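In the two assemblies presented below, chain A is common to both, partnered first by chain B and then by chain C.
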Partner chain A sequence: MITIPYLTAVSTYFSYGLLFAFGQLRDYSRLIFDWCSTNNLHGYAPICLAHEDFYIRRLYHRIQDCFNRPISSAPDSWVDVIERYSNDNNKTLKRTTKSTRCLNLGSYNYLGFGSFDEYCTPRVIESLKKFSASTCSSRVDAGTTSVHAELEECVAKYVGKPAAIVTGMGFATNSAIIPVLIGKGGLIISDSLNHTSIVNGARGSGATIRVFQHNTPAHLERVLKEQIAEGQPRTHRPWKKIIVVVEGIYSMEGEICQLPEIVSVCKKYKAYVYLDEAHSIGAIGKTGRGVCELLGVDTADVDIMMGTFTKSFGSCGGYIAGSKELIQYLKYHCPAHLYATSISTPSAQQIISAIKVILGEDGSNRGAQKLARIRENSNFFRAELQKMGFEVLGDNDSPVMPIMLYNPAKIPAFSRECLRENVAVVVVGFPATPLLLARARICISASHSREDLIKALKVISKAGDLTGIKYFPAAPKKQEEEKDRIKLD
Partner chain B sequence: MIENSKAKSFASPLLWANDIFCSKSTGISWNSLAALCWIHRAKMDTNLVEMFRAGLNWVTMALDAPSARVVLFGVRIQWHIFVEVLLGFVIVILLSQKSYKPPKRPLTEQEIDELCDEWVPEPLIPPITEDMRHEPPVLESAAGPHTTVNGKDVVNFASANYLGLIGHEKLLESCTSALEKYGVGSCGPRGFYGTIDVHLDCETRISKFLSTPDTILYSYGLSTMFSTIPCFCKKGDIIVADEGVHWGIQNGLQLSRSTIVYFKHNDMDSLRSTLEKIMTKNKRSKNLRRYIVAEAVYQNSGQIAPLDEIVKLKEKYKFRVILDESNSFGVLGRSGRGLAEHHGVPIEKIDVVTAAMGHALATEGGFCTGNARIIDYQRLSSSGYVFSASLPPYLASAAITAIDVIDQNPELLVKMKQHIALLWKGLKDIKGMSLASDPESPIVFLKLENSSGSTKEDLLLLEKMADRALKEDSLLVVSSKKSFLDKCRLPVGIKLLVSAGHSESDLVKVSESLKRLASELLL
Partner chain C sequence: MYVRALPTTDVNRNTEWFTYPGVWTTYILILFFSWLLVLSVFHCSPGMAWTIVHLAHFTVTYHSFHWKKGTPFGDDQGIYNRLTWWEQIDNGKQLTRNRKFLTVVPIVLYLIASHTTDYQHPMLFLNTLAVFVMVVAKFPHMHKVRIFGINGDQ
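Coming up: the complex of A and B.
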């Protein structure tokens, strides 16, 4: 639970109010300026209306250098961040050829497959030479190679389901699959903090959408009861089917979903469960099989399991795993399977090799080491940050750690301070988070060593002191107490 | 008399209000009210009036002597004021009465539980039928002009490899060096350290090739259109789209929630009349944005859009054009710069150009190009760009190399055009099917002449034809496939995707095979 101090809330509102006021002032002066100059849009409406991009022009552009930072190396534990400069007060940023080597706390590289790997990369290059970068065809025409067939079997076995279907992009997986499964007359109940891809897919399907309070099975039960009793809006006919959509790890909160309770509620009310494991597959659980393994839920109870390969496997694409009939039906009707170019063959090979490493089938125990290391690193880092007095969200074992900032001015301050000390962090504000709750998000990787983490902690502590984000009291240091005790004795 | 008229003028608005309410709710008619007023004027000398006047005089005498009259708000109090005040009270009381509503009875807990127990959902998917079990061919080598299926060498007309760049050594070299440097994935969205220098270089290279100010790169070809359109088209805007656009565009149109009007496939007269109808209906709003959405080479039929006429219409009726150049980028035009070069239209006239790179460029992903304002706006509001991981760097470097190859080898385009012409010659007299695509398009579309009436039957027949072509003649061709989500109703048929890498014997072989199969299966 996020508990924002009263004074901080007041000062955040005041800051936003001030920024808004200044933005409006500049807009008015720009309006007067533009009256004098000519307009060449005769008869056309402006393509971006003035109020639609107010936030972009007046607030976002001021801190634009904290986002979209280009890198010139692999997204490993250390990256080369390219330096940029601006001549017009951050409106446009230009690249230079210089770069600084920074510790990378922002990329989704949970198991360290994001760069050259001794097992995976040679096999990927081999498959590139054999199959070329792309098949230029959809899966049903000439886009299925033997690698694709092997990949789907491998993923199904790894996740624990009878069959799987793979597409080339995680976002498009949700947008293309949800409309196939449910249409008008159906009900989708989704968690209030679900990702945009799920919202897009749900809107595109035409079904009615209801939202339940984030990660609260009791509220889900109330919503289900109400909706089944009431039926469809206006006609009150019974719903055709109900799908409940939840995520494994919520990327902005770092929380793990309460899956056992949600599954039992859904079973009681005969609703189908759709689990999006974009961040949790490969990162949590003893063998990396995701939130089902961690919480002890039988995979047969979850009807549709979805995930992406971008985070833990260092590749691209998404998958859906389910029963054989479900996958056959999807292969016949899913637009991403019928019309879109199939996933690039070298990327598919990377996923197969990464899964083999994780399961130990490559003959070494690197996979087990990686899984143990990411768990250790996450728990160590989170505990240390909490000891220092930062407000850190998320559950234990989750590699995603948001640190609360709140004030809009602290967003660029924290980011720039850390970059000055060669640590690259990610800061997120409105509209990805609610207005008051801006945060810095840390993603731990298995390729971070203990020294890296200690350096990161030192830098973050210094930046935190400068910006004043240690909202909780720091844990008292034990050594000083002992010293005092000795003195008294 | 003067006093009376003054009092009456004060009372007349009150009387008018009284009238409206009284006649509605209590049934006191206007007549009785008028009667009352007339009565009071006529009977000025009744006993009641006398008594009242006497009382009033007594009151004024009891108070200060100078105030000989009681004046309230500059009006002399007379007895009819009290009647009107009483009526006013009655009105207030009636207005404050609640109207009758039948009492609400919400469902009890027991009833809700019963309903939940009785409810039976539909199964998640309908039962699987035999035609859903059809398996696609599995390739064992690269999807170039010749590939291997089940150990046999097969001629491949199913890959959109128009310039034969699959397996080109320069592309493989640049991919290998990118893989060794950057690994496979980019591990993050563009906003959070997922922007690698090859992405920026790729965007600059595409802008230079097409001579446009700026470009934005997407990580998936299909998501390009359904992320771009909702960015610029919101609820209330008007979009005129061709009825044969592919599913990605249809999904984008649906997500944008604008008003969509379809015009007949590639028919400029239909477009003109649709635009005319829209403009006469909505002349008002200045903030209403209007768009025409079309594809350069339609994926569903192989037709080429007449861009010069579209641009003329757009300028006449003040619409903006969004064009999907997936199948024409690198293919049409003297140097492969797309439909604008093919028709001799300056590219600035097209407002938004998008393309998927999984066709002539033999890589994956997509891009959108246009003026700086449009591209900048997409970097923050396009959902497929902001909320999704970026394109793997080796695919971006493959795109740069592919464009370099196209620039340096214009003979690839010439070869491809020759192959298309050869294929047309060979398929001219096929029975049971007819060539429905444009003679210059790389997608050669053979539509069924006699449809059986049901799309499902037609699709099964075409699938059988494609299967037999693979088994008997070792040819991979595309038979139309339709998802139930696809709203396009164009005729179905067999598609052949011509490549510069095919040989003349391949083209002769496919013509002979299709002619034989068509005569066996369709007549």
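Coming up: the complex of A and C.
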């Protein structure tokens, strides 16, 4: 639940109105300038329509240096960020050869597999020497190696389903699989804050799409009742299939899905449940098995479980886990399996090794240590930020914590101030978030040490004071000291 | 003083910002401050300033609500390219609270402008024309109607 001070909401609208007005003024003057100058491209259609591009040209480009920062080292807890400069007010950015070592609060490196790992990396290098960097083929032609077969078995066992299929790209897993599962005459009910990959897949399937209020099982039930009663649009025939799509952890809010209630609603109305665990697999739950383990939901109740390997496993690609018949059907029909290049073999080996470490099958307890550390780090960081007066979203135990900024001017201010103090944060604004709710999203990793977190807190507090984002009153200091004493004891 | 921001079910990013708290107040405050600005810049009478604000409001809102079509984002893939902003808000549902508020604002502006100018011509004529066009454009029956093909698709 996001609580905004009313004055901040009004001032944010004012700011966006001003930016919009200035953007329109500049567009009009550009129109006049171009009318006077000659154009040697007569008869050619414009590449993109002027109004479609407006947001990118007039708002995004002004603060371009806060996004897409190139890095020159592995995304560990500390990362080398390459410095850039601009001679034309951020329209183009040029890289220099210098880089700064910054604390990395932006990478989805939840379990610390993002850099050299003593168990995984030697095995990946061995696999690279044996199988080479790419299979150069799709899975059905010549792209299935023994490592791929082992990976699918390993993933299915880890997630708790009978079978799994693995694709080479996480985004493409959603956008290529959803059109195969459902088509015209079906109904997709998706959470209002679902990721673009799900939206793309749903739009590409041709099914009717309805949206329910974020994480509200009561509204989902209302939408289901209404849609089942009405049937397909215009013909009012019963729906061929209903799939409800939810995510485990929502990456922009850090909130954990209310899975038990949603599964019970879907069971009642006989709809299928599609769970996207991109951010929650490997990061939450006692053995890292995701949101089902955390909330005590039987994996047999969730029909299709999807996830990606980019966040907790330090690799690339995505998987779908389900019943044997479902996976068999997907292997015959899914274009990501039939035509796309298979996941590269060293990356597959990285995933297998990472899963072995998490489950403790490599003979050490590093996996359990990592899981405990990420939970501890997330809870400590979130509690400290809330004590300082920041508005932090997300549930306890979730390693994603967005700090609300709201005003558009605070987005670049916070980001640049943090970079000046050698802390790299990710800031997000419209259109990835609603207009009013711009935020800085912090991702905590198991590889962050306590000193790293304390340094980050100091820097964020200073940047927060400068930009004025401590919207809540800070907890009084005496209580803080007492709590610290109790913690140490 | 805090307000709650509940996430909406509107998927159209061009219009969902209008469902959050604080928009109506900002709209009214912008109108009030622009009246003060016009008064201080042009040194005219309050009535003349209200007329100027009313006509400027008519131009700006007619252009952005009822003339410009589509969304300023490329990745909507053109599904709203035939709809003006007015036809997009609230998913096309008519007579919602937002629409009623946006219909009342030009009417109230008209009343203030005509009252403060003592119903004199030519301001009265211009104001009446503006409010007539504004209100007719917002009727539920005018949803997706293009008179004489004006602003229609190619």
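Criterion: the second predicted complex is superposed on the first by the 478 of 489 C-alpha atoms of A that agree within 3 Å, B and C clash if a C-alpha of one lies under 4 Å from a C-alpha of the other, contacts with A are read in each partner's own complex, and residues count from 1 in each chain.
Here is the rule we use: a residue touches a chain if its C-beta (ideal position, glycine included) is under 8 Å from a C-beta of that chain, and two chains touch if they have at least 3 such contacts.
No experiment lies behind these values; they were computed from the predicted model shown.
By the touch criterion defined above, A:Thr121 lies against chain B but remains apart from chain C after alignment on the C-alpha atoms of chain A.
When the shared chain is aligned, no partner comes close enough to touch A:Asn407: not chain B, not chain C. Of the two partner chains, neither chain B nor chain C is touched by A:Ser378. Counted by residues of chain A touched, the larger count belongs to B, out of chain B and chain C. Shared-chain residue A:Asn174: touches no atom of chain B or chain C. Once the two complexes are overlaid on the shared chain, A:Ser251 sits clear of chain B and of chain C alike. By the document's definition of touching, both partners, chain B and chain C, reach A:Cys48. When both complexes are overlaid on chain A, the residue A:Phe430 reaches chain C alone and has no touch with chain B.
Shared contact residues of chain A, touching chain B in one structure and chain C in the other: 48-49, 53, 56, 196, 203.
Touching chain A in their complex are the following residues of chain C: 1-9, 11, 13, 16-17, 20-23, 25-26, 29-30, 68, 70-75, 77.
Those residues of chain A whose C-beta lies close enough to touch chain B in the complex are 43-49, 53, 56, 60, 67-76, 79, 81-82, 95, 104, 106-109, 113-117, 120-121, 124-125, 128-137, 139-146, 148-149, 168-172, 175-176, 179-181, 195-197, 200, 203-204, 224-226, 228-229, 238-242, 269-272, 303-304, 308-311, 313-316, 325-326, 328-329, 331-336, 338-341, 343-344, 346-347, 350, 424, 426. Note for the complex: chain A touches chain C at residues 1-7, 9-10, 12-14, 16-17, 48-49, 51-56, 192-193, 196, 199, 203, 211-214, 219, 430-431, 434-437. Across the complex, chain A is touched by residues 107, 111-113, 115-116, 119-122, 124-126, 128, 131-134, 136-144, 147, 156, 158-161, 166-167, 171-172, 175-176, 179-188, 190-197, 199-200, 219-223, 226, 232, 246-248, 251, 254-255, 285-290, 299, 318, 320, 351, 356, 358-359, 362-364, 373-374, 377, 379-381, 383-384, 387-389, 391-392, 394-395, 398, 476, 478, 481-486 of chain B.
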